[in-house]
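What follows are several structures.
The two complexes that follow have subunit A in common; it is paired with subunit B in the first and with subunit C in the second.
Now for the complex of A and B:
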């Protein structure tokens, strides 16, 4: 495939545009999409870029269909992806559930918006529950929560590779602010950076005859007996647990010598890290922990943090969706948990600093 | 008829049920249409609205343009919610909790909410036979989210997801025919209407209201920013769509087709297309293709409209049967146990 980005370059663009470019660099073959704010421009840019690079686009009649057409693309061996938000993410969960069970590497970019509602299209972090565990299975999926445009680019590429390497549906979890905001970043060709590009291959219509040099392609999403289903699910869970240490990513700053650790993900983590730095400068012993993969969650790393500091402040633009993951990770350990929950609203570093100074008995 | 249309607004109630001050763009064809539809519907209605331009512009809380009971729920389910309201009202009436006066249940949605994501809910509601009126305001793309193509976008129109390039110039598929789809459900009434012909529009709304069972109204709604037209041209464009035969005004009343705005001669489609930014990249060949298709469809519609007496057709079929029975009919008779 012809390289979409010839040489490394510094650019200034919106997050939606970054996702389209990231998908191009990740050698995505086709995007399937349906209009929903704030991800529309992923489609707009893709429809303009794709023909120039021999890639394809298909608009469907809803997100249910966008998800299943993505599965169709994947079955044919194409690096296929879709992008959506809010109510569209809900409809997407059925195809994702099927992809989990059939181990199909579909890739999705989610630009979170406030909800449940149709008009609040600007920003939120309220799709964490849905994106990490929205299906009717065991949530065997990979979710990368990005914070900057550079990460949107990096993790879009990574999402395609992780999906095709491990064969689990993979999400890039952004939000409306990241989608619509402009920010500088460096675009590069992943191969030049030594990124190993996981190969894609067809699931159906494979070359050759089965029995003569290859196994038959036997794909199932219907099990007649619960015992049979149990075996398949358990096998997937074992695979998932085995690869978890290779996938898990997080950022941990100054957690070793801290009286309080601020936990945040996505764009809110930028406010949190700024707050942590400022508080540190002022003499407060504050640490910062950010899960980059929300699924699988960096359980081991967070439990390690808890052994040195057992006080946490969870900050998120949702009502306890990240906190749920944190509590689950820390189950059985003794920990105190404070919170700043602001569903659908942006959170500034000043807000966090004020909260820490007012609420905690931490001394300078 | 067309002269009378100029004065049609005067025949309507002066009461506004779709209040001014909403946030529609200037020249919004849909806002004009909604205002007239609401005037025809009157006060005794309950409305369910799908997500779309009209929902966004008419209900920025705490303001509302709706002087009638109106609810917005989500994108795909206007017909489902209307079904629920209708069934609920029926139950209330049966229990004697509300009086017997007629309350019209209305569903409204755009072309995306009707022909794409809402088609399943609409089909279900039509099949179940709920007594309601469904109004589709067709602006021929997803205007609310930034002009993406829908299945109601006409051939050749440029949208953000069907851009014009070196190879393609806009939408590559033909507009989905919602009239044929809804009529195929054998509903008692389906009609097209345009804000350029208010008298006709109002008459159809009233007919739809009086119809027992589901009624479907497809209203063309020119969109200045989406179509690339001047705000003051939108009603003129709606009129041209009718006069070119691109959007013929007709109704299907209990299976009978009737053209309500007859055209002696079709205006060339070029006059309609060249006025719009979205068709700027149309090649002469594509223009030709559109003209041919419009003529063909107009002819088909006229043929359907002329077959007014269905029994005439039946006689013809009967004589054919006497001449030589078809294979299928023979098999059927054998299976039914009739003498061969």
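Now for the complex of A and C:
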């Protein structure tokens, strides 16, 4: 495939465009999609880029179809992806569950919007439950929560590679603010950075005959025997647990010597890290923990933090969706949990700083 | 004194609104009566709507929806405000901020008398750091999609990473676009805090418009 990005270059973009360019750099062959705010420009820019770079696009009748056609593309060996938000993410969960059962490398970008239902189009972190565990089955999927345009680019490339390497559905989880906001980033060709690109290959119509040098392509999502299902699902779970340490990513700052750790993900983590830095400068012993992978969650790392600091402040633009993951990770340990939950609203560093100063007896 | 009528068009996120707002305020500071028209019907939540009151307090009239008068800021359907359609019947200078790229510009014919208006100038705002309008060829191809462009504003920048190289490379590319197409370069726009990079009022022979940043305050 031709090099879509000729040379490393500083550019100025909106987040949705970054996803389209990241997919281009990741050698995506085709996007299937249905319009929904705030992800529309992922499609708009992909459709402007695709003809210039020999890639393809199909507009489907809804997100259910976008998900299943993405699976179709993947079955044919194409690096296929889709992007959606909110109610579209709900429809997408059925094909994602199928991909999970069949172990298909499906890639999706989600630009979260407010909910429940159609709600607002601009900004929210209320699709964490849905994206990390929305399907039936065991939620064996990878979810990267990004905070900057550079990360949107880096993790879009990574999402394709993780999906094709580990064969689990993989999400890039952004939000409406990241989707629409504008900031600079560096675009590059991943191979030039030494990124190993996981190869894509067809799942059906493979070359040769099964039994003669290759295994049969055995793709199933329906099972008639409970024991048989159990065996297959347990195998998937074992695979998932085995690769978890390789996939898990997080940022931990100043948590070792802290009286309080602020936990946030995605765009809110930018406000949280700014708050942590400012509070530190003022003499407050505050740490910062940000899961980059929401699934698998950095359980081990957070439990380690909890052993030195057991007071947490979870900050999110949702009502406890990140906190649920945090509590599950810390189960059995003694921990105090404070919160700033603002579903569908933006959170500033000033808000977090004010909260910490008012609530805590951490005073210098 | 003939009146100034300008429509700011260009690639998505090229800086149309910021340039339109600054131009309107600049004209008002010269003592002129100015009407700023927010013509983005595609993304009404990223438009001048949240800035309306602030800008009006600064001395310009803004034709934009008020948040309380809107519904479903996105997919629920968005309508043109009657005052937008009849904007050219108003007195004074009229600055149109025509949002959302070429697709957004397609609604410009809804403004009564716009394309027959002899004073109308359509100015394309170009930032060469936007990847799809970064080369001479791409910019010319993109400008052609508008059907008519009367002038180019070079708004090349990289946000907080803008340096002199970015501004100068922008000038070089835009100068070449202008040479080939015959479309004049109207101005170089540079963020006010970078004044030290671009000199006073003239940079490499082009007039400079210094921009105050208003749009970051407009996000919902």
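To be clear about the criterion, the second predicted complex is superposed on the first by the 362 of 364 C-alpha atoms of A that agree within 3 Å, B and C clash if a C-alpha of one lies under 4 Å from a C-alpha of the other, contacts with A are read in each partner's own complex, and residues count from 1 in each chain.
Throughout what follows, a contact is a pair of C-beta atoms (placed from the backbone, for glycine too) under 8 Å apart; a residue touches a chain by one contact, two chains touch by 3 or more.
Because the structure is a prediction, the values reported are computed rather than measured.
Undergrad: Which partner does A:193 contact after superposing on A: first (subunit B), second (subunit C), both, neither?
TA: Once the two structures are laid over each other on A, A:193 reaches no partner at all.
Undergrad: Return first, second, both or neither, reflecting whether A:51 touches subunit B, subunit C, both chains, or no partner chain.
TA: The first partner, subunit B, only.
Undergrad: Can A:61 be said to touch subunit B (first), subunit C (second), both, or neither?
TA: Touch status of A:61: first partner only.
Undergrad: Could you tell me if A:359 is touching subunit B, subunit C, both of them or neither one (first, second, both, neither)?
TA: After superposing on A, A:359 lies clear of both subunit B and subunit C.
Undergrad: Going by the contact rule set out at the top, does A:214 touch subunit B (first), subunit C (second), both, or neither?
TA: neither
Undergrad: Can A:37 be said to touch subunit B (first), subunit C (second), both, or neither?
TA: Both partners, subunit B and subunit C.
Undergrad: Which chain makes contact with more of the residues of subunit A, subunit B or else subunit C?
TA: It is C that touches the greater number of subunit A residues.
Undergrad: Look at A:119 in the shared chain and tell me whether it touches subunit B only, subunit C only, both, or neither; answer first, second, both or neither.
TA: Only subunit B is touched by A:119; subunit C is not.
Undergrad: Jot down the residues of subunit A that show up as touching in both complexes, subunit B in one and subunit C in the other.
TA: In the superposed arrangement, which is not itself an observed complex, subunit A uses residues 36-37, 41, 44, 48, 118 for both subunit B and subunit C.
Undergrad: In the complex of these two chains, what residues of subunit A are touching subunit B?
TA: Residues 33-37, 40-41, 43-44, 47-48, 51, 57, 59, 61-62, 87, 118-119.
Undergrad: Once bound in the complex, which stretches of subunit C touch subunit A?
TA: So the residues of subunit C touching subunit A come out as 12-13, 43, 45-46, 73-75, 127, 129-132, 134, 157-161, 166, 219-220.
Undergrad: Could you pull out which subunit B residues touch subunit A in their complex?
TA: Interface residues on subunit B, with respect to subunit A: 51, 55-56, 72, 74-76, 112, 116-117, 119, 142, 145-146, 148-149, 151, 160-163, 165-167.
Undergrad: Would you tell me which residues of subunit A are touching subunit C in their complex?
TA: 9-14, 17, 21, 36-38, 41, 44-45, 48-49, 118, 120-123, 177, 180-184, 187, 346
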